[in-house]
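Input: one structure, supplied below.
Here the chain labels run A, B, C, D and E in written order, and each chain numbers its own residues starting at 1.
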Amino acid sequence: MKFSSLRRGLVMSGRVLLSIPFRALPTLLAAIVVSFLLLRLIPGDAVDVMASQVALSNESDIAKWRHDLGLDRSIGEQLLDYIVNLARLDFGYSHIYNMPVASLIGERLPSTCLLAGTAFVVAIILGILAGVISGYAKGGALDQLTSAVLLLLYSVPAFWTGLLLIEVFAVWLNWLPLGGSQSLGLDLSGAARIGDRLRHLVLPAVTLALFYIAVDARLVRASMLEVQNQDYIRTAIAKGLDRHTIVWKHMLRNALLPLTAVAGNRIGAMLGGAVTIETVFNWPGMGRLAFEAVLKRDFTVLTAILVLSAFFVIAANIIVDLIQVWIDPRIEH
Amino acid sequence: MPHVLSSSPVCPLPLLSFENVEVVYGQARERRKALDRVSFAIEAGETLALVGESGSGKSTLAKAAIGLVPISSGTIRLDGVDLAQRHRSVRALRSRMQMVFQDSGSALNPLQTIQRILETPLKIRGVPRPERLARIAEALEQVNLPTSILTRYPHALSGGQKQRVGIARVLLLKPEILVLDEPVSSLDISMQAQVLNLLADLQDRHRFAYLFISHDMRSVNFLSDRVAVLYLGRIVELADRAALQANPLHPYTRLLFESIPGQGRRHIELPSTEASGTETANTGCRFHKRCPLVTSLCREIEPNLHVTGHDHFVACHHAQTEQVASARVSRRAVNDLRAI
Amino acid sequence: MSRLIADIRGLSVHFGEHLIVDGIDFSIQENEILALVGESGCGKSTVALSLLRLLPDKGCTVAGKVLLGGRDILTVPENELNDLRGSAVSIIFQDPSTALNPVWSIGSQIVETLRRHRNISAKAARRQAIDLLDLVAIPDPHRRIDDFPHQFSGGMRQRVMIAMAISCNPRLLVADEPTTALDVTTQAQVLELLDKLRRDLSMSILLITHDLSLVADWADRVVVMYGGQICESAPTRSLFSAPFHPYTQCLLASIPPLSGGPTHRTGRLFEGPSAGVVTASAAGCRYAARCDRAEASCLSAKPAIFSVGAGSHLAACPVVKPSVSLAATVI
Amino acid sequence: MLALLKKAYLNNSLVSGATLLSVLAAVIIVAPFLYPGDPQSMVAPALIRPGEDARYILGTDGLGHDLTAELMHGAGISVMIGIGSVTVGVFVGTIIGAIGGYFGGLVDDLLTRLTELFQTVPTFLLVMALVCVFEPSLVVIIAAIAATSWVSVARITRAQFRTLRQRDYVLAARTLGYSDARIIVVEILPNAIAPIVANISLMIASAILLESALSFIGLGDPNVVSWGSMIAEGRDYMRSDWYLIAIPGAAIAATVFAFNLVGDGLNHVLNARASS
Amino acid sequence: MIMTGISRRTFNLGATAGMAGLLSAKRVLATPARGGVLTMLLAGEPIALSAIAYSGPTRNVSPKIQEGLVAFDLEGNPKPQLATSWWISPDRKTYGFTLRPNVRWHDGQPLTSADVAYSILTLKKFHPYGSATLVNVSDVETPDEHTAIIHLSSPSPALLGALRAEFSPIVPKHLYADKDPRTNPINNAPVGTGPFKFLNWERGSHITLVRNPDYWDQPKPYIDRLIFKIIADGNARVAAFETGDVDIGATPVPPNEVNRILRLPHLRSENRGYAWLGSLTFLMFNLERPPFDKLAVRQAIAHAINVPRMLDIIWYGRGVVTSSPIVPSLKPFHTDVPGYPYDLARANALLDEADLPRRSGGIRLRMDFDYLPYGDGYHQLAKYVRASLADVGIHVTIRAQDFGAYVRRLYTQRDFGLAQVSVANDYDPTVGVHKLYWSRMFRPGIPFSNGPHYHNPRADELLEAASREIDLEKRIAQYREFQLVVDQDLPHINLLSLDSYTIHHRKVRDHTVTVDGLAGNFADVFIDPSAT
């Protein structure tokens, strides 16, 4: 990296970061408002569910609870309060789970990050590999086979794949655990503990990754094919470069640009996908928490999850912008 | 030059005039002037050619004239009416000025038949169908196209045919002034002659005024009466074609002429730097970085366009050979000056 | 006669069912600029690409021979071909803005070429790249070597392309419309540069262009193509002073004069024949359909090439009878 | 046009995808005739295995519903949800994208922010929340999926319009005095439609997947049979009667595969044309 | 010590389960072994781990940590837990308890009568059932550290049964004082006197308890670690049993899988320990909404549903059909009532009579149906009802919703026509039956109250009398008449009392030693090393 490009990179990164208050923050704020209002539309509130657990409490009690939760105030006031609290990283108190939402999510977030992060990395790596192979052997038998398999992966519902994988690897072969994120009752430590966690991670991460491997590979293949027809590839061929250099140096870096562009929103998609995967694999993560929150009508938790997802997506997009600044020297604005 | 203005107070108005027109692209830090204080005038029946390299603002000027690009300051007048006004009458006035596009193919909607392409402008003006068909037939005849092409799609036509369809389409609206944005540069050389001849014939017949934008001095030589040389958004020289060819005053104009291939010169000594939109000189003459005659004056003060000979304007400190007062200025040039 | 650098024999290219290049023969001499001219679609760029075997493998069939230093480019094995590409023969393309990889610095792209063909260290390659940039008159090459293509203007990019193309001292440089995308002032500079390099490095240049005025200025010899066939081939002076083939004549006449001549007030430009008297056929002369002198015989067979004048002025038109009998020595 | 058809005919994925889809269409059409009435009526003993009884080729589920009838009726529902949501999504997305892309400026800024907003909230969470807010019924599910699917259409359309509005024929239309509405609808839209159309098939595929996931977690419309709800119902039986999951799952995969094939094929054919 | 009505009644119940008792006697022969980990399955995640203010899945966890004053053996006889002995005044309005000495909380503090008083009064105020079972508690007197005396405003036959750990945990006052017992974070990490101490709770995954080495009943408990694994998905629960991931669970798998997995050599089932649960599934009409205000329409709908077949198809026959509001297991109060047997002709005739003729498409009526969105089989039940009613020309639209929406729709908004509800009758009708029929329990906003808005003065009279009646025979007679009245009025169509059962690994021994089965304290559970 030479000085001029370093300087350009720093200047551009600075610009990306400077744009946060103007671009990312308003979007986040809008996401907060929309999530908040959307979930206030739901018929039935947390008190209804609490009341069902506390079967014979009386009307005045219910009214008092509503008051305690602030549910009897105007939406505007509630929203303002919510935003002010969010600024202090206070996501509210879940009366369903009986604990502050921040600590509830804090418990679940690492699991989901582990699951989604692993799937993300696996999908990117295998996706690029498969895409390159497919683009490499364009039109050949290998490409056709890879493309068909990828399209199939792209077409199968992930939860269904998960069920099948459990059936095969956990029940029939008994190689891997059925679900959960760790073996219970064994006081494992050190390497054994990590190994145990990894064994639990394999199936859900693979299930979640499979779909995105297909997505990434198709994207990479398409952009490889597009890049293949660019003049500069013809130049590279005319220079007498061998195929490996052309593919890995000249095509891939250009072909990866569209992939980085979608990587930011991928975080959001994976959080959504985690709902079914975590349910199937009994994975104690945020996706399942979201689903449970829907069932339990815990909109404090659900709003927090929506807001947090939006935050992650926005943050990821900023990171993507920064990465793009560095890998695409053309970005000047 | 206000004193010139006052000396000829009774000149009739030109058909089209640009008065200190500026077009600015981008915002804040990325602001870039595509056109900088451009002034000229065109009268009915004459052709003004605009020449310059890419990035000189030729196409921006064409688009500004036709209203496709908003101007940042200055005035464009058609028949004396300021086109910036938003009157209905101004919109009607606009159809008196039409444009022929550079890429003959891309100016025709690829999904519509020639019939539809030609009919729509008339249809939206409420021309009844029989009259539409008659006018289309007439226009096609003028551009030497058979009516059989009406059922075809643009991709089935040759480049020359497409360009003629484009010309026929503007003829239908009975314009008075045509903006020709490099009308032949995308055509093969054998087609170019046909289209240029056609344009010349149409001008003869309809007394069209042409604003002819080109980078090809050979077609400029054929089609123009006067030539304006544009450099990085400014007119640096404006003169009668023959006068310009005989006596180019601005160093850039000379460079332009000398660079034209096919003059039997094999080795031209040229400075190696070149223009680009981002390398505009901050102060002084915008050509000074490339100019062989550059002096410290050029680096500091931007020369204004001034009259040097018979209807010959130039913006160069080194071309200040004749006094303005003694310059021979025709009525036509007065219009130019009024604009300036 | 000087040495042959490249010899093209019976080159035919089919794209699917379309015959793009129809069995053409020509050769390139040492240290000359040979211009291949013709209008769009005449197959001249296809010829350029087949000289480096750059045509796509799929849907494209190439026949004939492209002999370069004794080896047939069209049949050498892939690895040997890659040794030749960029080293013995290199190419520059029409649009310098897309021909350079946008995400790598120009320095790395030149260095890469050098190191592919020369066994030198990265450091030495970099030094040499700077020298090359200096050679193609890029100002301040030490600084600019690490810049990216988009940071250069069009003409500068084409200079970088040229630097890359000549980095391994090729015997032949194919320049496919090298200045079409450039401004007229820049065009002159680039051609000037190419001509200078040809002399300094004693290489040959195949200049592919549609612009006859460029040809007049820069080429030593001209080959005129129409519809995939060669119509005429001659030393530049000879071609311009005595064009033989009806198509060449028409082309030359179509060039509007730069000054003087007819203007829109005084006359009209020469227009070629709008349509010939015969309809085209696949077998015969491609130009017949547009030719006002075409006869029935033009359709029956592909016209043979005749020597028609002094030196090596050759043409392929059976109607305009050659003054000299059939030339057995083909080009 | 003819060339386009010919190309389409020669495109492998398009042909195989279309073949699969026509089988699907045939199934949807004959379903009400072959199995009139509610597929969820209890016609038979529960849990007959596939192939065990000739009357119930694919067997019956835990409530004695004929799986064949459910599968065939479910095809219609799944495809209807797919097509319905995509129709709404494409309609909304095209309008928003077209307006933003054509006019640019402040309008575009606002609409772009709106699409960005929808992109920041994970699709599935949003659909889940929407279905939950308004209760799971066909209309709500279609609307909820549409509420997320318009975003991609809007982005594609906007990009197309931004490019195409600079094209000479659009500039020509403006200089010829065409109204904005006419330029958008008559001049630009037909030229912008190819990537949108190519995308539709892929969108239907993902809408079907989305619906199946919704049904799977129990947020489907309980009054109709969709393939997703069949899997959800079959899930409790999965350990012993795996066919209850395998059959609808395979049906989803095959249908989505077919739509994806067609989408890929269309992409290939239409984009090739656009680039040529 | 005075035998209460309750214990005598449950004794009768226990006698019917003599066979099971015999089996368990045989099992006792194995010597309990120390050590091992037991994994118990929970289908739903508890809200909190202390039952001080919560019911639901909490009931299975809390008793292991926090104990009650008394426990009940499998025959329904009370036995000491934290109270070593107790007495009841002749007017049945005063209950005295002597506390076990030298019992310490998990944090080392001693248990005192103040803890008991605090717990009972808190339970009365905040526990879901507390307000029914402890409604008559007027005061708790603590004459000394080890004596607690409960004063009642009127006799309360259901009181002693309520003092089990499952319903009435005794909690440490010193950790609750001045805090709202519902939101006290200690509920998530409870401190008790029980055989197991709380270790951690990973929400969405599991809860871990460890052996309390200082438990008062040495050498119990036997197992080192007790893990509750939370698996919501029915199919995953089956798989967890198959692979040995979990050892034990209460009614833990979908009905269709029970027979299959019980064929696996390592699994066993146990039917005891659910006698006091009394699950009842019924359909509830909204009597305020036409046409369900017409008796004929309600009768027609009842006649249109083939309940035995429903039981067979959905629950594989695991349960009993009952038309009574008091389930058969709740002896001696249950009475068989005539009910409305499956009879389509009769149903059609009744609908014709009710002026609901078949219109276009053969449809007489369109209606919505809401079902309880929790538990295995209710969704299928909805589909079954939908298909059944289609046969008599009633078009049903099933409404799926989450639990919150369901509760709000039925009990707050009252926007329903017919809905399926499942409740527990519990150990006494005053706990689980009164709230459903008593007109004073028509209280919109209160879940699982009198949802139909049923109001029959005679029924009210009978219920009010029965809640105070000390004489068992009189109570039985009151409830018999009540059941007949309700069957006539048909505000609910009572359908089924579904079986509950335990599935466990054969290595798990002595898990069911009290009437509350797996909701007991697990002090006796041990792992048979020879069976692992």
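Basically, a contact is a pair of C-beta atoms (placed from the backbone, for glycine too) under 8 Å apart; a residue touches a chain by one contact, two chains touch by 3 or more.
Owing to the predicted nature of the structure, the values given are computational and were not obtained by experimental measurement.
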Neighbouring chains shared between chain C and chain E, ordered by label: A
Rounded Å distance between chain A and chain E, as computed from the means of their C-alpha atoms: 40
Separation of chain B from chain D, taking each centre as the mean of its C-alpha atoms, in whole Å: 51
Geometric centre distance via CA averages, chain E-chain B, whole Å: 91
Centre distance in Å when chain A and chain D are each reduced to the mean of their C-alpha atoms: 23
Numbers and ranges of chain A residues touching at least 2 other chains: 42-43, 163, 171, 279, 294
Per-residue overlap in chain D, given as positions that touch at least 2 other chains: 132, 219, 235, 238-239
Chain B: positions in contact with at least two other chains: none
Inter-chain touch pairs (all): A-C, A-D, A-E, B-C, B-D, D-E
Chain C-facing residues of chain B, complex: 47, 53-54, 188-190, 192-194, 196-197, 199-201, 203-204, 215, 217-219, 221-225, 241, 245, 255-256, 258-268, 270, 272-276, 279
Chain D-touching residues of chain A, taken from the complex the two chains share: 26-28, 30-31, 34-35, 38-39, 41-43, 151-152, 154-160, 163-164, 167, 171, 265, 268-273, 275-276, 279, 290-291, 294, 302, 305-306, 309-310, 313-314
Chain A to chain C touching residues, read off their complex: 2, 4-5, 139, 230-232, 234-242, 245, 249-250, 253-254, 327-330
Of all residues in chain D, those that touch chain A in their complex: 113, 116-117, 119-126, 128-130, 132-133, 205, 209, 212-213, 216-217, 219, 228, 231, 235, 238-239, 242, 245, 249, 252-254, 256-257, 260-261, 264
Partner chain D, residues of chain E touching it in the complex: 233-235, 238-239, 242, 254, 256-257, 260-261, 313-314, 373, 376, 379-380, 382-384, 386-387, 390, 397-402, 405
